[in-house]
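One chain, chain A, links the two complexes that follow: it is found with chain B in the first and with chain C in the second.
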Partner chain A sequence: MGKFITRRLAHAVLVIVAATFLIYLGLFAIGDPFASSGEKTVPPEIQEALREKFGMDQPFFVQYLTYLQNMFTFDFGVDFEQRRDVADMLANAVPATARLALFAIAIEIIIGLTAGIIAAVSQYTFRDVLITVITTLGIGIPVFVVGIGLRAGLSGEWIFPAVPRSFTIEVPWYQEVILPAITLAIIDAAFIARLMRGSMLEVMRADYVRTARAKGLSERKVIGKHALRNSIIPVVTYTGVSLGVLLGGALITETIFEYQGVGYLLVRAISQQNAPVIVPIVVFAVLTFVALSTLVDILYAYLDPRIRLH
Partner chain B sequence: MSRTKSVLLRAAAGLAAASLVLSACSQQSNTGTDEDSGGGDNKPSSGYPEVENTDISEGKPGGTFRLGIVEPVAIDPYNAQESEGILVAAYLFTGLTHTTPDGETEPAVAESWESNEDCSEWTFNLKTGTKFHDGEEVTSASFKRGWERVVAKASASDVAYHFDQIEGYEELNGGTANALSGVDASDPAVLKVKLAKPSCEFYIRTAHTAFSPMPKAAGAAQNQKFNDQPIGNGPFMMDGPWQHDAGIKLKRFDDYGAADKAYLDAVEITILVGDETAQQKELDGLNNGQFDWARIPPNQLKTTREKYEAQDGWISKKTFGIDFLLVAATKAPMDDVKARKAVSMAIDRDAIINGVFDGSRAPATSFVPGGFKDAYQPDVCDACKYDPEKAKQLAKEAGLTEGTELNFQFNTGGGHEEWTAAVKQQLEKNLGLKVNYSGVEFSDMLENQQQPNSTGIYRLSWGADYATPGNFLQPLFSTEAIGTDDPNAPALGDNRGRYSNPEFDDLVDEATATKDEAERTDLYRQAEKIAIGDDLANIPMFERQQFRAFDSKKWANAGFMDFHENPPLNLIYQK
Partner chain C sequence: MARNDSTTDFQLDGPAAPLLEVDDLRVHFKTDKGVVKAVDGVSWHVEEGETLAIVGESGSGKSVSAMSILGLVPTPPATFPSGDIRLRGRSILKMPEKQQRKLRGSEIAMIFQDPLTALNPVFRVGDQIAEMIRTHQQVTKTVARRKVLDLLGEVGIPNPAVRINQYPHEFSGGMRQRAMIAMALANDPKVLLADEPTTALDVTIQAQIMLLLEKLRQDRNTAIVLITHDLGLVASHADRINVMYAGRIVEAGSCDDVFYRPQHAYTFGLLSSLARMDKKRQTRLLPIKGVPPSLSRVPPGCPFHPRCRFATEACVEAVPTLETVKLVDMADGGLHRAACIHSDQVEMAFQERVVE
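Our next item is the complex of A and B:
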């Protein structure tokens, strides 16, 4: 197990170094962010002062190594546009995105697992067919349709805050998070339900389940203790990956609801070509993704003894 | 991926609209020539009429005015640059002078000013006893402090170049000095400024927010706390720090001394995100009572105008900007003035305005825009009238024949696809030119314009930095503004068409050296006659016209825009 973890961590470091280098190269080294881009020419002395301020008068490798070094102390510099501390911007956005991701995952696990188990247990009944139809719809609808629909129908109603928000009206975080979380959860919940149904049906046909039944265990124990534990593995993988993606920022959903998370920050940074903001967000997304897939691998080992033995 | 796709889609939409315009213009061309042959001035058949209410009445304190803007780059004058940042900075700070909505320069903290004979030394006499929001007194040293804070090399300010006429600018901006040697604040009530490049219009520049005074609390420019909650000397003060991506709250400054106090208790500025959807959100907000003032998305001008004009809540005004076609004036085929006039006369601006813009723009018939009441010469561009017959004749004389190639480039993503496509089709139809039409990123278009082998025409627009007609002439048409003497080097200035006419240069130089305003304006008019009337160095297309709607049931003195196209927050009061 220890060796397994060490190897995974070594992979992770490699991925991070490669990712930062490529992203940095792409964003900083290609194109001059301070060249004139509006109707008026930026005078050369102003361009020069800007390059010097942002350290971009240095050779590329000096820039990159300085950047890497600063990054390890969580110093991401200041952004090109408003010259705010990028670390501060991230410190505001990351917790918001984490809340959204966890909320969405919780919703999709509860709904998805329940629906999947019900469908599998009552295979080919009306309940099963109904769930299959609904989940097919759920998977088929693009996330922006769900998001825009919910926003148009519910923003400003009941406990949901209006979008765009009037900034003087304070809204508790759980109200803010609920609509985007539902938007994100709908598609994944449908997917999890189908995944769960399929894998549960497969497991229920397995020999050891028949053995358990033959031993005279109650149906509840057969499903709850023996079948569930094994059939949940694909769901764990999927949820882990999904969490990794969500923590990197749900670009579309956050933008639709103007939710102040990492995804929304990234969308705006890209439109401004604001490299100092883009780089750490993408690196952060890579980092969480790598960390979570490592975690999922370890969880596998816990859930399935056969993996542990390898 | 999605970007290329959307560009393609837009280009396709542009072509579709262009064919609409084309059919519209073929119908109109007959009536157009008929009227011309009948002689006399025909009224422009397009453009929304100007509507504003500049009557100022006295009100009483109270009320919270609410509006939406997109997130500014900065509200601290050291780097405030676009309309949104300047909206906040201009009401947090009051400079030496102030620009009225009509482009007049009037006293603000400076009671009066004068210059020596050659306009190289300026003396501003300040009102004494006016205060910053923290109680500190505003003196000449406050201005020196503010100006040096912008120009200092470490500030790397995007707006530092506004100070480039002042003695010591290069040293401070280059990092070899730590003060502006040309600014003397030894007498707290008098600010003396020496100019390395003399200009009789220097006082006009000082209305720009970059020239704001700064209290001692400001410190160096990069100071997050102050940048987000600047302490100024204006009619409003910050009520808490700027909440990024959320909003900005201002409250009235009751010790304001530079002019009359504001009536409004507070201003609530909600920050809307997404440049392209912001206007829609502003209008939605006005319609549902969330905002008191809004810009209008182009596709809703008609319905919004109908609704708000009936209740006196509609503003429509030509302001200080122009859309034009930049011409590479030293390279064939556009090096001949007849070719330039032929191209201009082959464009039916009215048909484009009606076909693409729903009649909501004004055709440009001059380069200095209508915002400048005295300098405006509405018919200085006689080649801006649509006349396909005359255009053909001029084209023939200039050697433009069937199939002559003309490069025409525009920048994608700025909403210029449709009208430029219409221009292309009109040039092909009316002159038989082979137009090499292409859309590229703005920065690429800029680079292409700079190249010594640049030819043809480009779409461009221009807005005023300062309220002087010279700001529309000198940077775009003077030899100095080409930025190089070498025809084989890139043109790094704003005159990328490389037009050069010593007569024009002399008139503009004479104007900046003329103290009398009326005389100066007259010189600018003569200069425009040469660059546009005679030489047509660039081709005017549309005058900048702005539209706003506001809640007139609730607010008085809100029927016009300030110089920066924002609501006059210092005058508005609740009915």
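Our next item is the complex of A and C:
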């Protein structure tokens, strides 16, 4: 197991190095930040001075290393628009996105797993058909439709804050997070239910489930222990990857609800061509995604001892 | 042997009723293609320390009858239109599910064909056996673990202290089947159902596993129901044989009866398609033509008649019943029974082949 984890971590470091390099290359595609300042073109001698000040006249490789070093010391510079410290902006957005992601994942795991297990155990009954119909709808509806629908119907009602948000009204985080979390959770919950149902049905036909029954175990233990432990493996993979994606910022959902997370920040930064904000967010998204996939692989090996051999 | 308190309400000792009795059992499956009669009026019984073999091709209903004993046949789609299964006279089929469950794994245990798929891949072998013990006996984890070590040793798994912590994929095929047997024996069952226990194993390992079962039967006086299609296995290990075809028993008797004086055309076919190692010169092997019938459309009359070399018009008219074989020079208590109206011809044909 130790060897497996070491190999998997080395793999992750390689991916991170490659990804940060590509992101840095991509930065030049956004355009020269010193070419213009708002409407006005910048005189060539001032452009030259700015390049020198920010080290952009250095060879490419030195620039890349400087960028890496700054990234890992959380020195992200200031944004182009309002000269705010990007590190501060992220320090507010990242926890908000993490709350949203964890909340959404919790909802989809609880609903998805329960629905999937119920559907599998009562295959072909009314309950199963009902769950199948609902999950098909859930998978089919695009996230922006769910989001806009929920916003139109519920924002401003009960405990949910009104959108567009007013910055003069303070709202506790758990009131902000509910609607976007539900929006994110609906599709994934439907998908997890489908995944769980299929996987459970397959496992329930397995010989070892028959063995468990032949042992005289209660149906609860047969399903809840022997079948569940095997059928949950694909769900763990999917949920882990899904969490990795969500932690990088839920662009559409956060924008719809004007939720102050990484996704909303990124959308605004892109529309302003605000490179100092875009780059750390993309790097952060890559880092969390790689970290989560690594964690999933390790968890996978824990759940299925046969994986540890390879 | 410490027995679970919760089973003391069963009076399993005493000779009054057969240890395990299957009485006119029918197991039918309702499918889109009609009713599949997997088991259609089967009766047999087994006593302590006895090995009963149930022989037949795939789809002859031999596994389904064993699964029914453990309640492993899902209802629906299965129905039990008639018959009963009794353990020391107490009906298992009519028992509430909760009571049935107490018997599973404690009084009646089962080992399966493929030990790789029959063991749960994500749990340690030792834990799976310990679970069997702790389901039926109120013992601590430590006690159960000690018992598992003893069991692993008893079934001939070397180095139990290491093996107990390993996963099924770390075991070889033969070792896995030994682990399955250890699990089955964990609560010292009265009846052991062995469904093709050696089919998935190498020939050399097959012999070891059969020797192990034989030894356990002698040591523990367990009744073994050996379900197999392998006549060679039956010849050397069974006391009595039931030959099944299309959900029915077509011939039943002691090993000697069935192997040396077959009375049913199907048994004749099975034996004539088998190479004999005990003879210098092989007689030509006679294969059975065709394939077993679909259990949703069993031929009328004797189900074997479309494939039978002895079949006549009379075979199509009525389903032959199991009749006690009457032999002039034999007095074996009427245990030998066959459901064939051409028994005399079958026996003659068989004796000719033996003399050849």
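Note that in this section the second predicted complex is superposed on the first by the 278 of 310 C-alpha atoms of A that agree within 3 Å, B and C clash if a C-alpha of one lies under 4 Å from a C-alpha of the other, contacts with A are read in each partner's own complex, and residues count from 1 in each chain.
Going forward, a residue touches a chain if its C-beta (ideal position, glycine included) is under 8 Å from a C-beta of that chain, and two chains touch if they have at least 3 such contacts.
Everything numeric here is computed off the predicted structure, so don't read it as measured data.
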item	value
Partner chain in contact with A:Pro44 - chain B first, chain C second, else both or neither	first
More chain A residues in contact - chain B or chain C	B
Partner chain in contact with A:Asp304 - chain B first, chain C second, else both or neither	second
First (chain B), second (chain C), both or neither touched by A:Tyr208	second
Partner chain in contact with A:Met56 - chain B first, chain C second, else both or neither	neither
Touched partner set for A:Val245, first chain B, second chain C, both or neither	neither
Intersection of the chain A residues that touch chain B with those that touch chain C	none
Chain A residues touching chain C - in the complex, by the definition given at the top	206-208, 210-218, 226, 229-230, 303-306, 309
Partner chain B, residues of chain A touching it in the complex	31, 35-46, 49-50, 52-54, 78, 81-85, 89, 164-168, 255, 258, 260, 264, 268, 271
Chain A-touching residues of chain B, taken from the complex the two chains share	66, 68, 71, 73-74, 79, 153-154, 156-158, 160-161, 164, 170, 173-174, 222, 224, 227, 243-247, 249, 268, 270-275, 281, 285, 290, 442-443, 446, 460-463, 465, 475, 483, 492-494
Partner chain A, residues of chain C touching it in the complex	70-72, 101-106, 109-110, 112, 114, 117-123, 131-132, 135-136, 167, 169, 180, 183
